[in-house]
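Below you'll find the structures, each written out as structure tokens.
Here chain A shows up in two complexes: once beside chain B, once beside chain C.
What follows is the complex of A and B.
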């Protein structure tokens, strides 16, 4: 899992982008703000992944799957 | 000079660092506002600058603007920050004359870097015919730079942001997408040639468009900065008691911003702007999400949004195209409807 808590955009998207060079079928990334949830969702969908968001109070776990 | 990349020293870039309009209204609420009959524009209206009447021919225009680095090169950053600060005076129809530096320096900045930021500010101020007469510099965790600007205007030709009239044509003088592109640039996703074009755009004074609009029956004007085209158009509409219709397909923007928005390089300010405007906004047709992001994208040193009488719309547009970097008609103004802003 990528831990992008405490990071503000565009950092979480860039962390995910870097991780995605391994071209795996699924990724998990944890963020702690709504802007990152939106932007990670956009990035995941742009790269052809289905994105689901699990709301854990003030943190969000995003799962990306092909 | 060390090869510091200025944008890496700050969390937010340029006008994207601006506190959202909704939050700002909350912060200002309840503060004692003093009246003065000579104060023509104060902060009870969210306008670009304060305007104070000196005599029947002269009004004083004052504004301050500063922000963290929007460019890696300190000289470029200084020019953009100064250009952005001066713009508020042009947006009121005024002529800037004096300015004070406002600056914070961080530990990473060496003397030459600080000097280059200031040199950028002076360069732009002198181009505008403005003299810098002093300033204030303090240490901070992030660098910031801008100007407090004093200018003058003809009290009969002050262009507030709340005086658009039904029938007016809306013209925008610079393309959008700066916030998205500068966000993506932090991940090195923007080609250098495009960054150069963006910097050139942000370093272009709004003086020439100001000159053009004053020759026609212009009713209202604001510069498009951190609150985005949507936020600033919304403030113009609600302040004027009208409805503004924006034609999304006619809004000029940097094409590269579309895909980068689709990839999630949308600055936090764009979401704040959306939250601020959405309750009073109607999407008259389906607008693709990346284009919506571009409409909400915070601009740094953006163009003027001008409401001009319909009869003068074409002439002003022609003058702007001939004498400035260009312009587009992006919408029109009608009587107040159920929503302040309609995107068509």
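What follows is the complex of A and C.
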């Protein structure tokens, strides 16, 4: 799981992008602000992943699956 | 589909902001300066006596409005989320450097767009420098540049600067003698729309920018990084609306010489905005975005805003700021020094041993 909590825009997306070079079928990334949720959802969908968001009281776990 | 809707929303927000900006000029703000975060923070620094340049002293209600507009909407949308502690001193330093670049060019990225829409060709050179600066910043972002993570803060910490700005404005209204203010005709500080209108304009634009995450640096950065034009649409909207309004009011005047509150030294307009684009990319957003994030409780952005204020004071106390007559020698040296400082920050936080990950 990528821990991007406390990171501000656009770092979480860049962390995910770096991880995605391994071309896996699924990724999990944890963030703690809504801007990052929106940006990662947009980026994940753009890259062809289905994105689900789990709200965990001020923190969000995003699951990206092909 | 959602992205298309967001892109349209951003364009619409830009249009609204562009109209408001030109209306502020119509109602008394300096030409092509409906909004300018750098100029307004400089005027505010002057109002508090942090510098003594008599032509640029006025506590700009737009600044207070921008922070409070974001603050109130963030509270309403449950997005007020106090966070901070991500390299605050480095951010303060970067902010001072960004202000040096802004006052070399005579405007922040927001005013740069407004200047272009008013026909100021010098601002096109500024835009070129701005885009180059962002390009350099993006190179470091791609290599892993980071100012490290932030941490949750208390509500009191997050609300401190928004409330302080409101207190300052109230104090300026109740006891105006405490503050410096440029007299009408005495310089840019003496030109301003009526207080309540300026405040309302700031509140609206602050709220709209909070809702849409509008950011001048983010627009070009995301275009380079992700080939996304979404954030850039805010930029385009502001330009289009301001251009139409400037033409309608007869404010539009294309040219390089004699543009309002501007100089036509192309190289230094370019380098000034290169510094702004470079530094702002490392800060994560343009000066407008920093005000909006301050309203959302981001204390790193609050520190950045304080850095802008300190930088503005420094610029006028040490004759770094340009004027209509052009840049100063001190200003040119400062811009070069600041580009070096920003580069050291970039390298140290990209290739430094402590990755913190």
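By our rule, the second predicted complex is superposed on the first by the 66 of 66 C-alpha atoms of A that agree within 3 Å, B and C clash if a C-alpha of one lies under 4 Å from a C-alpha of the other, contacts with A are read in each partner's own complex, and residues count from 1 in each chain.
What we mean here is this: a contact is a pair of C-beta atoms (placed from the backbone, for glycine too) under 8 Å apart; a residue touches a chain by one contact, two chains touch by 3 or more.
Since the model is a prediction, treat every value here as computed from it, not as a measurement.
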item	value
Contacts of A:58 with chain B and chain C, given as first, second, both or neither	second
Touching partner for A:43 - first (chain B), second (chain C), both, neither	both
Which of chain B and chain C A:35 touches, first, second, both or neither	both
First, second, both or neither for A:5, with chain B first and chain C second	second
Partner chain(s) touched by A:13 [first = chain B, second = chain C, both, neither]	both
Touching both chain B and chain C, residues of chain A	8-10, 13-14, 33-35, 42-43, 46
Partner chain A, residues of chain B touching it in the complex	11, 183-184, 186-187, 261-268, 271, 289
Complex interface listing, chain A residues touching chain B	8-10, 13-14, 17, 33-35, 38-43, 46
Residues of chain C that touch chain A when the two form their complex	2-3, 79, 81, 83, 86, 141-142, 146, 148-152, 213, 218, 221-222, 225-226, 228, 284-285, 298, 300
Contact set on chain A toward chain C in their complex	5-11, 13-14, 32-35, 42-43, 46, 58
